[in-house]
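Note that chain A is present in both complexes that follow, paired respectively with chain B and with chain C.
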Partner chain A sequence: MAVTSTADIGGHTDQSAKRDPVLIGLLAAAFVLMAAYALGILPTWLYRVPEEWIPPTAEMLDVVFAFVQNDLGLIHLTRFIAEGPLEFLLDATANLLYGKRRWPYLGPIPWTAIAAATAVLGYYLGGWKMAALAGGTFVWTALIGQWDIAMQTMSVLIVAAPFAFLIGLLLGIAAWKYKWVDRLIKPILSILQTLPFFTYLLPAVIFFKVGPTAGAVATIIYAIPPMILMTTLGLKKVSPEVVEAGKMSGCTRWQMLTRVYLPAARTELLVGVNQVIMLCLAMVVLTAFIGMPGLGAKLLAMMGSFKLGRSFEIGITIVLFAIMLDRLSKAWVEKQPYHHEKGTPWWQQHAYLLGGVALFVIFYILAQFIDFFAEIGRRQSFSKGKEIDKAIKGFLAIEGVNAVTDWLRWFLNVKVLIPFRNSLLWIPTSAFILLITALTYWIGGKRPAIWGFIFFTIIAFSGWWDRSVITLYTVISAVIISMLIGIPLGVFAARSAKWPRRILLACDTAQTFPSFIYLIPAIMLFGVNDVAVVFAIVIFTTVPLTRYTIEGLRTVPPEITEAADMSGATRRQKRWSVQLPMALPTMAVGFNQAIMFAFFMVIIAAFIGTQDLGQELQRTLAGTELGKNIVLGLNVSLMALTFDLAVMSWAENRKKVLGLT
Partner chain B sequence: MKKLTLLATVCSVAMMGAAASAKDSDDPIVIPIHNWSSQIVMSNVVGQMFEEMGLNVEFITTDSQAVYESVRLGDVALELEVWEGAFGASFREALKKGGLHDAGDHDAVTREDWWYPMWTKEACPGLPDWQALNACAAVFATAETGDKGRYLDGPVDWLKHGQERVEALGMDFVVVNAGSAAALWAEIGAAEANKTPVVVFNWTPNFAEAVWPGEFVEFPAWEDGCDTDPAVGPNPDALYDCGNPATGYLKKAAWDGMKDKWPSAYCTLTKISFTNPQIAEMAKLVDTDELEPEEAAEEWLAANRAVVDPWMAACSS
Partner chain C sequence: MAPVISAKNVWKLFGPDPERYLRDMPADRGFDEIRADGYIAGVKDVSVDVGKGEMLVIMGLSGSGKSTLVRCFSRLHDITGGTIEVDGQDIMSLNERDLIDLRRSKMGMVFQSFGLLPHRTVLENVAFPLEMRGQDRHTRRERALEVVRLVGLEGREDYFPRELSGGQQQRVGIARSLAIEPDIWFLDEPFSALDPLIRREMQDEFLRLQEMLGKTIVFITHDFDEALRLADRIAIMKDGAIEQCDTPDEIVMHPATEYVRKFTEDIDKARVVHARGLSLPINGATVEGPPVDGRARIQDLARQLVNETREVIPVADEDGKVIGVMQRKDALDLLLGAG
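For the complex of A and B:
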């Protein structure tokens, strides 16, 4: 049954969808509106929402914020937190890691001591490989001359990650315990996850003072959502037998939570921790835009003075840190708690801890006598910035490269992108909303269509229609191009056993590379125009498409491929009529992620030069226009959510039809 | 580094005694740094001077437009590079609101305008005259601009009025806005590979002069009122029909409370005045010699004792 219904690869649930009267009605209405506009008989208010109809949302939000901030005195509370406990913690870690002159006046800890201690931790969690990765990352950072800036970043990360974990855990428990919290929190989480990061930054600055404090707050907020989701997920999955056992031993409610539920949900919670750490790292780099010192700020400064090689090196450091933190926390997930036999001496129980401390102390003492062990200055470092610069410039000077990029620039710009953008902008707002409704209806069914209609109507009344359409145009163009690259790549990789791992590693690296580092090569290859913008996004969005294509193809149940073999399908038939259709729901998840990534990246691409929402958002960062910032951010979020709802609903339905759930 | 600060403290005590710094608060003087090298090095130079005077200094990275609000509120104590063209508007606005004041000009002058790297001159020999530039507009054409030339202006929020000028002077150019300074450099850097002629927005003092020699386009000279009165300039009906001022100011700004909280630091700040070559040298140490800003500042200070010592000496008695 499953196989027969997959004969149609096109994507919709069944053939009759094509003749759905609702769909036809929506499309017909949209075309009538467009035809009317082409003939010049469309009332102007159907073409674009007139200025005077647009509610002053931004101004109203500003008033609300001013009220909350000043009249309710929230700013005093937030400033107190910022200048009190939060700043205190940040100062303490800053002192330890890079020697900022604050309490406890002990730092900076020598790099050798930190590297040795983390290597021991790595060994404890995952053997020699982890030890090499953990220690090696710190050694690289020190040798390349980026120790101080890396520690500036880490000092915030160390404070932000535990907070995000704790808040996420508590909210997650609340959402699991009380239905109404769950219902309240769900939509907020969806919006938070699609909100552009610029919108996290400005409120943080206004309420929590420029610098590390605001950076830490923005980072914490950014990293909370996955922790909440993983906590509820984990707690819901705790098996009734375990709960029964707890009840039988007469646990109190507190004991039930701390001794039964949380330990049983350990794996999910630690996956949450992993996510928190990764998001924290990603955000800590981005908070450079609001004055957070560290790797991100250095990277921006290096890009600002056209130092490609050094920017690239900083990028590598960030990737190494990301991989190290990711692998270490994953190793922690897999390592089940080990219980020593009774009577084991305490030093044996804590052998690793003692070893780590011993090495730490040894290097700490050594560093007092040998300067090299304490700090590596710029002149001693092994940075190869200039050489990389030369290599990049040499590559760009190659005739063949130029010919290709020039042709691509001409072709994509003149033949594809500009006409596409102009035609999207030409479509009257009313018809556009109907088209989106029809599209979401066709993909996801009734509910996503209703939401799509509501969301795009809100956007139409936000006063930023044209910019929203340009944002959408960039996203669509980039996603289509990355589908053309990413899906074939995934299909090709899934054919063999070796390739998937290599490609997935490349995917991981491409994704953890700080996103704005792609902007410069994009400009150098294509110049400041839409091609560069789309190219920068494509690098980012191809990753999930490839990843999930591989994933989807490899998890097709073997019974089904065997069935295909037995019925005498050729390899080609098997791929096109069996494997791909079965993999589609998983691929849809990748497609959805690609769209989300594109909405994220299109905002960053404002640094190349765009005329979309990102450009306006970037402008608001310099000032205090909080209302406008939030309106713009919500527009991005609403567009992303429209697609998210439609695609996810499609994938759900599809899985049901295929019996994959 | 630790040793150096220690050395510096010892020196400061030896040089001026405890009396000079006794009046100044022990709270750190917060100095803002932005994302271009000369400003970062200059801030470090001044920071190290303050440290030599026995004061505590702290640096904070901020946005270069939003910083005036921070100076006004006392979140940061001063700003060392107030460019007339780029930050004049933000500075004047903060001045109006109160809380910060003008702490004197640097000797250096600033200029921002249409600019081209030297190799462009081969394709368009009449440069730097703007009419010659307009005559060879086709040389600057790209796939998207058709037969019109392409001018890469600074980010929209820098408000450089490139579009207005093109219209006012009837030029055959399309104005494209870059999204960031980095985008401007990437564009020049890409053009350098095969010496493509480009005309972009640029300014001086700036590291780019050292990397890519170039010149500013000479537009009709700036007259006061060019941006407010259509009658001024060659086109009687349009604003922005002349070039930007060729000698804009470079100021220092200080928080009003700085004078009382750190009197000797404030006094030194008012004495400080860097010249164009000095600023270029600071930028070069970082941009070409690849030093870290703190090291660059140490080096620059060591080589320029004769310049900075009088500023400090004048305020220590």
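For the complex of A and C:
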């Protein structure tokens, strides 16, 4: 029964799509426009929106900002925050971690003391493995000679993460408590989540000074949204009986919130903490683009001067930090309270705390006498940057490898990417908009199509059409290539019993890496060009595609596969006509994430030297052209939102049809 | 004596604008018609009193509105129509502060899935209502220890809920609800989530507590045996309305509606009905021989009934005074199921 019905459903949508007059109309109109253009009879205003029709949005925005900034005096407020409390905290952590000469003039804390204390924390949260991971990361960082830059990054993270947590928590509570706040916040959140990070950076620079303060502000803003979502989710999930028990115990509203709801939502809040930390790390690395010193800046400099060995080492440090922060915070989510036997002495009850403090103090004192324990200078470090450099370059120079990368570069560029890009650029704007509308209509139905039409029309009038199309071309090419890799990989992995878990773990781990990291192999293999950009995006986006393919296939209800078995389906039939259709909604989520990731990565890749919006965006950072920056950022956001709406609406409908919700 | 809880024509509707709907609704609208209008009648025109020290058991199938009714009594739900008085006070007229005070001083509630706070130890859970009242750490610890002992959990004060079995968790729930020494005790299917053996044990425990404390109790269950073991009176609910509210004897012997009759059909009546329940007026008949105790269940009189030679047996109240007579045939019919 179930088997035939899914097959029916698949057939049904295909048929209705073919017959749909709206779809046919849209496509026909687009083709007429293209044909007209090919014949040279298309009015130019239908080809590209004429220069003089484009409203001076950027300039108007600049005027508005100037007004808010200077006439309303917002700048004084933000500068006060920046130079007051925020800078104070950043200076304090900077002093403690790498010895910046500011209050409290105590630092730098010896690396051995920090490594030992975090190892104990790791042990408390997750046993020996976590201890090794936590301690090992710090030891590696110190030995490789990157302690100071790593601590520059951490000093911002340590301040930004708690702020993002607190603000997210408060907004989350407000959105849970008041419907209107929820309604107000939701659309802002979805725009924020698709806005390219350059757009977070520039306002931060303008309003909060260059350097760590601006970096911290951008990082905080970037990390807030998931905390809001997790907070509302957690509060909504608190069991009604727990709530009623609280009320019957005579809690006031404040007591309800602080003693019942928040503690009962502990798991979700801690998951939020995990996400806040990971996003903070990702962003704090990217603040290199606005001159924030640290791991990101060093990586940027090393990649810029093509020092691949050192880039590689910094990459490992960043990855280690990412894995450590992720695993430790996840272990904290898992950690449940347990009771001590009666009569356990207090020092035993607090053994970990005492042990951590004791080790910290011991190493602190040791470091006063033994320099090596306090600090490892550049000369003493074990960095093998030059040697790795030679090895990599030697490897790439090997005849076979060289031939392969060269051929790939040539093939992708000349046979695939450039023709594709040129044909997209050839299409008249009017036809392009209609094609996008048709596509989103076909995928998601009426509502997404209307939004797609509106969004792309706005882009057409933004004055940045060609660059937007180039951005889109990069994203589409990369996502198609990663689908060709990720989906078969997922399907293949889901067949066996052991592989899914391993690959899922690998994907999960890879997803915690700051996106920057993915540039390293791309540049190593292909140098600085379009192919490297696409390659970087491909690695980055293959991860969610594989992940959700496996997840989708694995969550097909067993009754349904059994029913297929009973009706005598072969393995092949079963996969194609039962499992894949059922898994499609979940796979669509992965597809959507891949597109969002691609939009994110394409902007970062501007660093490599592209001709798209990212490049322009990066330029606005130097010129502090806020209006233009926002316009460009919104263009990226609008394109991303178009796909987001269409794909998610498709997945929702599909799930409803299949009864998976 | 004035009832502790007095509900009059209570309505609780769920839906978009229940007050307005109820105001404009024609009288005697049925449950299904209301549902067709887009509302659910959680509680439908219920009037019931609960006396001091009485144990009222509310029964009914799942979804019949038992939980909703009890949540109206404690104003966890605001009712849509009617009045509920607790100790003579209309609870719908209380402001937030007074309501909190009422709950802090008079009411305790036990939940089906316990509703324990997962991040607090047994002792902290039990002390929670006292903490909310603002009692100092020392007094509330003393009191919490006392109740924990009362429910037989001493030695586990420092455990966290997830470290306890279901039965133990419910003991914590019971202890918590007793911590403030409430006058009124609500229990919403407290033992349904437990497996049968533990359930039995917890019922005995509960009876022991009740004997000791003598509280006014509203107890929800969907298990008839449980109801019969515990109840002074049973209220049977269907579609939000109370079909019948009476003593177990009356419900079994004289079901008020067809639904109640169906509901009680499979019960072993001899286990429920007392001699008093079968007793008829004497009406001048001659009574001879020693009377049976009116409080005895027919089942417990089985041996005597079988050996009995009299066709008409006198029934006495607790003071030994004859209050009526029981036909031997009626009693045997009940016992042997030939009725």
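Just so it is clear, the second predicted complex is superposed on the first by the 613 of 661 C-alpha atoms of A that agree within 3 Å, B and C clash if a C-alpha of one lies under 4 Å from a C-alpha of the other, contacts with A are read in each partner's own complex, and residues count from 1 in each chain.
Note that in this section contacts are C-beta pairs under 8 Å (C-beta built on N, C-alpha and C of every residue); 3 or more make two chains touch, one makes a residue touch a chain.
Bear in mind the structure is a predicted one, so any value in this text is a computation, not a measurement.
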item: Partner chain(s) touched by A:Met248 [first = chain B, second = chain C, both, neither]; value: second
item: Chain B versus chain C, judged by how many residues of chain A each one touches; value: B
item: Partner chain in contact with A:Ser383 - chain B first, chain C second, else both or neither; value: first
item: Touching partner for A:Arg266 - first (chain B), second (chain C), both, neither; value: second
item: First, second, both or neither for A:Ala606, with chain B first and chain C second; value: first
item: Which superposed partner A:Gln336 touches (first chain B, second chain C, both, neither); value: second
item: Chain B versus chain C as contact partner of A:Ile539, first or second or both or neither; value: neither
item: Contacts of A:Met524 with chain B and chain C, given as first, second, both or neither; value: first
item: Residues on chain A engaged by chain B in the complex (per definition of touch); value: 99, 101, 145, 205, 209-211, 288-293, 297, 300-301, 303-308, 310, 375, 377-379, 383, 385-386, 393, 396-397, 402, 406, 409-410, 413-414, 418, 519-520, 523-525, 527-529, 605-610, 615, 618-619, 621-624
item: Sites on chain C touched by chain A in the complex; value: 71, 74, 76, 100-101, 103-104, 107-109, 111-121, 128-129, 131-133, 155, 158-160, 162-163, 173, 176-177, 180
item: Chain A-facing residues of chain B, complex; value: 1-2, 28, 35-37, 40, 56, 59-63, 65-66, 69-70, 75, 142-144, 152, 155-157, 176-183, 185-187, 189-190, 192-194, 207-208, 211, 286-287, 290-292, 295
item: Partner chain C, residues of chain A touching it in the complex; value: 239, 241-242, 244-252, 255, 259-260, 263-264, 266, 336-340, 342
